[in-house]
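Please find the structures below.
In the two complexes below, chain A is the common chain; its partner is chain B in one and chain C in the other.
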Partner chain A sequence: MMQAAPNALAIPPNEAPTEYWDSARILALLTDNLVEIDAADRPQPALASAWQSEMNGKRWQFTLRHGAKFHDGSAASAAAVAKILGELHSGWIVRGAGDSLTIESDSPMPSLLAELALPRNAILKRNPDGILIGTGPFRVAEFQPGRLLKLAANEESWAGRPFVDGIEIDLGRSLRDQAIAFELGKTDVIEAPPQAASNGGRLRTSLPVELMALVFPANSRAQDVRLRDALALAINRKPIQSGLLRGAGEPTAAILPNWMTGYSAVFPVQADVTRARTVLADSRQPALTLSYDPRDPQAQLIADRIALNAREAGITVQVSLSGTADFSLVRIVLPSPDPATSLREAARELGVPQPLIHGNAVDDLYAAERALLDGHTIIPLFHLPVGSAAGARAHAWEPARTGDWNIPDVWLEAP
Partner chain B sequence: MSFRQKLLLLFAFTVLLCVVVISASVWSTMRSSFEGANEERANAIAAQFRSEFQRRGDEVVRKVEAAAATENVQRMALEVNRGASDSGSDVGEARNLAEQQHLDFLELVDHQGIILSSSQWQAKFGYPEPAIPAAIGSAGGFLKREELPNGSTLGLFAVRAVRIGEQPLYVIGGERLDQGFLSTLDIPTGTRVLLYQNLDEKWNAKSLLDLNGPAAGANKIAPLVEHVRRSGEETRDIIHWTADSADAESFDAIPLNGPNQHLLGVLLVGSSRRPLVELQKKVVSTALLVGGSGILVAVAASLWFAARVTRPVGSLAEAARRVAVGDLAAKVDIDSNDELGELASAFNRMTEDLVQQKERTLQAERVAAWRELGRRLAHELKNPLFPLQVTVENLVRAKEKSPQMFEEVFHEGTTTLLAEINNLKTIVGRFSEFAKMPQPQRKPTQVNEVVDSVLRVFQAQLQQKNQVKLRTELETDLPEIYADPDLLHRVLSNLVLNAIDAMPQGGEITVRTRSVPAAVELSVSDTGSGLTPEECERLFTPYYTTKQHGTGLGLAIVQSVVSDHGGKISVESAKDRGTTLRIELPRNEFPMQRHGDTAGRTGTL
Partner chain C sequence: MSIVYQPASYNHCIPHMQSRGSDGTRLRWLTSLLLASAFLPSAVSASTLSDAARQVAHKIAAVTGPGAVALEIVNRSSLDDRSVSEVRVALEGQLHAEGVREAKPDESVGSVQIVLSESVREYVWSAEIALGQDQHRVVLVSMPRPLLSGTPASAMPLAVRKTFLFAQEQPILDALVVEMPGGPRLLALDASQVAMYRQQAGHWELELSLPISHSRVFPRDLRGRLLLRHDHLFDAYLPGTFCRSSGVAPLTMSCSDSDDPWPLTTEEGGVRAFFGPARNFFTGTFSAGMGKISTAPSFYSAAALPRSGYTLWVLSAVDGALHLVDGMTDQVVRGVKWGSDLASVQSSCGAGLQLLVSESGDPGQDGLRAFEIPDRDPVAASAPVEFDGAIATLWTESNGSTAIAIVRRADTGWYEAYRISIACGS
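Take a look at the complex of A and B:
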């Protein structure tokens, strides 16, 4: 049995990390993407067994896995997959013939493989009842919206039948409820805070795949870049990490984590209140309102702490969920090990213009990220891992370092 | 104003003054006593609240001690000494402890004063707690301003050090000092408690709290709070909420200081003044009733006493009045041995002396009058007698020496003799008339009518003497008087006649009547040569005359008539400017005029 807490199966997943992971993990059970990207940013075959690019990345050709079928028995043919992807991306020209699928675009698509590996590009369709139909190792057996999702093993999965016969996913459960159920032995796999320790369970934490940051919308009263700069300097990330995040995650001033880019240390994270005051230079600045995601149990405390830090620098910050916020404390998922893709996804989630990445070199990526951070409309705070735990009777529990679960590989001891 | 009235007024004033002085003294004493009692009550209430504060502080101390004794705090203290405690690693611990101990605030602070965990502001870990240095020595509760994410508030705090090793871990916990705290206080009936949280630099009405939140009418209390803020001392004042003094409240403003003696709040213990004011009103109304009654009794006693004191004086006055009008038989019958008795005896002796003196005077006057009469008679009679003697001697001589002329001389002599004898008869008739002056027959008389009748008589005579003019100035609404019109007619005739005689060369006679207080004035003025002061002085003396052929009885008769009417006559004259004789006849009722009659007869003019 598995616990998760999506209210509904949303495709593409909602922006909140919890919902993203819920959806992404369920989709991973139900269906496949054409390719997958491993933690080393290497593409791995999935529904497509081979691929190649042409025309300087403007045209990609995929060879689909032979014999793959949807849960309704229909063949996951190139034409069927092309239809699904074509509906998802109007800017692409997707063609399918035989086992060959081609994707063309007017501009080069160097990160197409990472893009295709995103959950929102899962090869998925719905039957007339709205039930999701994919090619994955499990199929929907029962769905009670908001309460329960029962999955059954897909006997005809191209990757082979999973070890477990089925999965029951209780929907809408909080982390605390999940933890209690886990402690009582009522569930085998749960989401868990990365810093939590569970008795008798095995906690696994991913690489830092989430970003916690402050984002200033266009209508913020913090129009003065000095104010945003001073605020960035005033925030002391280390105590927040050690105290409020219980040591999890990494303080950062970059959007992309160091494991993706290797250069995040270039962005300094040390607080400098004196310099923050100097930056403000006795200028009169408006009091700011900071909002946070109330669904995030740690967000309020972290927002309070940021307000406290800001006060030290002479910036008045009121933490509030009402009214129009001048800036927000947000947490987003960096969904791909591919840094360029994650940077684009982060920009999309944070509501800032898409970065201009002019090449595949690290310098190009750095320049694009630097450009995003200039002006301090985004103040990265932490890169956070995600955690999960499996009970003692679950074997072969080895979630991916990107946060994905390997449920199909898990087998259970008989009770 | 009579002596009795004056005495009564004096007594009344004295009594009133005494009542006022006593009332003021009693009021002052009572007010002082009441204020003293009220102050004692306020002190007792304030002491009670201090005790309550102490008790609540002790409660906080116990809770903080309980929190300090928990296993987790002991563990944290151990970790602090080991240096294993990471800033913020126990962020949530304070909140758990606060919930366990039912404390609003709880912080765990290391030996450097750095917050390890805060229940009231969880994000504040790693920041210094500024109150620690001053609060370390506090054994009991103390006040502290607590900064919270949404502002500041006041709290009653206690601090305890947990020492495991060299470096202590401080547990500082407290309860919020707001309306909720006030509601838990044991408030005596008739009192209420307000709390001013001195969190701002200036007075802030919203910081004044009662049991329900921001207190109504806070601005009326602002001066009291401001005074405490400036002086830092306990202050007491009365706040008048309405014009009714019973609605006022006596407030004791107690400064609430933190460990560094910084004023953090003002506790205002208010007690209604209604019981006090109502008691004062009751006492005042009773005092007014008693005082009023006392004044009435005192006035009555004053009346009785004044009557008792003034009765002999009144008798003396009455006797003096009788003496004044000539009744020298008046006696004062006062049977007392005091000064009034002596005065009465002296008065009686005086009247007796006056009687004797009067008798002697009358006797001397009679003698003098007879002498004067004799002199006048001799003078009057001497003039006719001399011609008689000469005539008779001529007749004799003519008989003896010239018988042929005797007939002629006889005829002339007898004519002369008859003329002189007639003259003698006239003189005798006048004296007889003066002697036979009748008593006035009074009746309501209009003086103007008398004037008119007299002037009609003289009108014909004056028309012959063209050189004398007659003028009248008569008041039209002249009141009637009780008088004998015939005698008045005679009086006025005499005066007019005198005036005519005073102006042989002609002139003007003016007859005036007018009302004067309690009398009617009748005056006759001439424009003659006037009189000397000596003449004026002797003018009314009988048989004194300034005229060549007068008897000196005319004005004496006038004076006699005026006196018989209780009036008075006066003369005003200046040389070459004429003379005015002025008569005042009283308008008294008839019984009073009896006095006048007596006075007139006895010649008191």
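Take a look at the complex of A and C:
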């Protein structure tokens, strides 16, 4: 978790979900994006109050919210926002004048609004000490890298002052430590395992917004597509989900969850060991090494179970964290309710070529996702929700179904 | 990551949680069942389903060509059995028109499994087509999912009656119905506009939108008030902003920065109180005073109960206490398990004047109950009427005999306006 320096609050590439959620949730307190995407995949105004596209989506014009200011008192003008976005995206031409900001590109940008809503596109700058300065409902009051972040209410937030005066965020706590602090009443909001969240009460789970999958790098010894195909057929997902994941999440053979696409039924998840053996018949295949993220508490047990499933199909898999892995068990965040954007982000996180999405129809999305999965360099396993919990004194605790928290709207009952 | 909040500077309304017994749970479950079985399917028109069936049949026929196929339809969407039956009939008819007929597996050239599914945005129907051992194709059809836009009016025979008026996704701050030439109009105040709706074929259709201009930032939990006026149509009060409509057609509205106090009663010239321009409560300072009382603790809402010779004011204070102000004294009542929204309504029942009080502020379910205050102790005068969401606002209407309750539905997040009245008997 955020251990190093103030700039650790930025979104690094290829991060684990834990770092993603920490960064995204803190950025949401400090900053704004031009737009937001709600759980129904509809763009909502944020720092931009209106927008329109021209030239077949190659040019977008945004009207910025009047009077919005950064925490240092400077105006969040179109010119200031254009400078920030222009530095983030060298392929865009970003101009700002008055309250109007334009973004242009050589190619159409049908998913630009969803792209702008990603945490990495938060409108953010730094002071000379490296402290983040945004336009959001809270400003940084104190930062102890890796330990503590204190935020104070931004009296001039364009969305209205938050209800609470401030927030203290303990960084780097394990889920277990968080749960203990929560039980002792020492903290108001914690991350919680989704299994715990199924108990109800003040615990909440999101829609499935994370993907657990197997990924084969280009230098894997599993070069024969039949080997990867057989492994995909051999994995019995349901017992893993009901046992090791204690019922959380959904078995899947698709990258995107059904709530985003509606078509996950066409990616079958049933194991077929007999067919896996048939696929491998008369071929000599190498033994494979499977690695996992040691920070993920469930990953090793799941990796062991996958090795066991593989053995039943005649595939030798050794689970190991040392040496070069032939494939890895990974968990990534699908960061946008917009399926095209999440598919692109998933490809980026998994290190595979970007999908080619030729249009906005569901067929275009399906074709792009199918193309990513052909060849089985990615074997999706589970879609997983994220959980969180709030104590009794925190009211209006309604985390978004996408996993984001609504901290600025939380209020405390009068003592 | 774990979070500790520092003390609040200000809060949302106070939710004095009233414990709910099994009746509340049962009522909520029954309401959900009604929505699932009766409202959702009717939201998808038969023509939409038929059109989608035609599209998917055409795509299937393009793959299979004319002939016999084994057809299976699986429903994994929120469509009910009746709708699925309609889809099946439509699909079989359209496939037949394309030359594809349904047959048993051993008599067919292939199989088609159609899954009726949905994402958060749309219904998605997928058809997996298997022709022989090797040829597998998938075709897809999608159509937008309708959003829930409201619930039918309640017909519960309770002393407190609610009548559904209107719903929208954006927070409604206040609403009122006014008789005008050409029929009644509904005025709805939100953060950006006063919208006027005209009744057309049983629905409110937008007739006019009057945008609200304001230079000050609105607070996070925005409050607002609409009041009918004699010399012009209405006034709209928002924190730090005042809007006034024109008195003649065409209807226009002008807004300006204003710290003027808000009326606490529907009559012009009544008691007014200052509303915090960056907060969600009244500051506790009155313009003319309540008798000898010119200030009170900050409060969320106030209701006037006229008595012989004086008016008893009931204030729902920010500190959670109830204040009874009679012009001479300010009696503090603590521990009353009420919500933060109060409004008084006149009726022909009981004492002729009741106090409507919100109950819990629970985002999942909330209630509204009538009380009378014969002396200084509130006495419940009705059973609560329940809502499938939290009561966000409660204002007495300009006629004084009804109130408007704005409820944020727990399931959709939409805001609904209800007219609240008192009926004699239960």
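Simple rule for what comes next: the second predicted complex is superposed on the first by the 395 of 415 C-alpha atoms of A that agree within 3 Å, B and C clash if a C-alpha of one lies under 4 Å from a C-alpha of the other, contacts with A are read in each partner's own complex, and residues count from 1 in each chain.
Criterion: contacts are C-beta pairs under 8 Å (C-beta built on N, C-alpha and C of every residue); 3 or more make two chains touch, one makes a residue touch a chain.
In this text, all values refer to a predicted model and were calculated from it rather than measured experimentally.
Chain B and chain C, once both complexes are superposed via chain A, fit side by side.
Looking at the shared chain after the overlay, A:R161 reaches chain C, while chain B stays out of its contact range.
More chain A residues lie in contact with C than with the other chain of the pair chain B and chain C. Once the two complexes are overlaid on the shared chain, A:L244 sits against chain B while remaining clear of chain C. The three-chain arrangement built by superposing both structures on chain A places chain B and chain C 140° apart around the Cα centre of chain A, to the nearest 10.
Contacts of A:E345 after superposition: neither chain B nor chain C is touched. Looking at the shared chain after the overlay, A:V410 reaches chain C, while chain B stays out of its contact range.
Residue contacts after overlaying the shared chain place A:R305 against chain B, while chain C stays out of touching range. Of the two partner chains, chain B is the only one touched by A:V319; chain C is not. By the document's definition of touching, neither partner reaches A:D32: not chain B, not chain C.
In the superposed model, A:G262 lies in contact with chain C only, and not with chain B. With both structures placed on the common chain, the touch criterion links A:L171 to chain C but leaves chain B unconnected. Nowhere in the superposition do the C-alpha atoms of chain B and chain C come closer than 24 Å.
Residues 236, 239-240, 242-244, 246-247, 301-305, 307-308, 318-319 of chain A touch chain B in their complex. The part of chain A that touches chain C in the complex is made up of residues 1, 21-22, 25-26, 39-41, 67, 137, 153, 155-171, 173, 178, 181-182, 186-191, 258-266, 337, 339, 361-363, 366, 370, 393-396, 398, 407-414. On chain B, the positions that touch chain A within their shared complex are 86-89, 91, 121-127, 149-150.
Considering their complex, residues 1-12, 14-15, 74, 76, 115, 117-124, 126, 128, 138-142, 215, 217-222, 278, 318-320, 361, 363 of chain C touch chain A.
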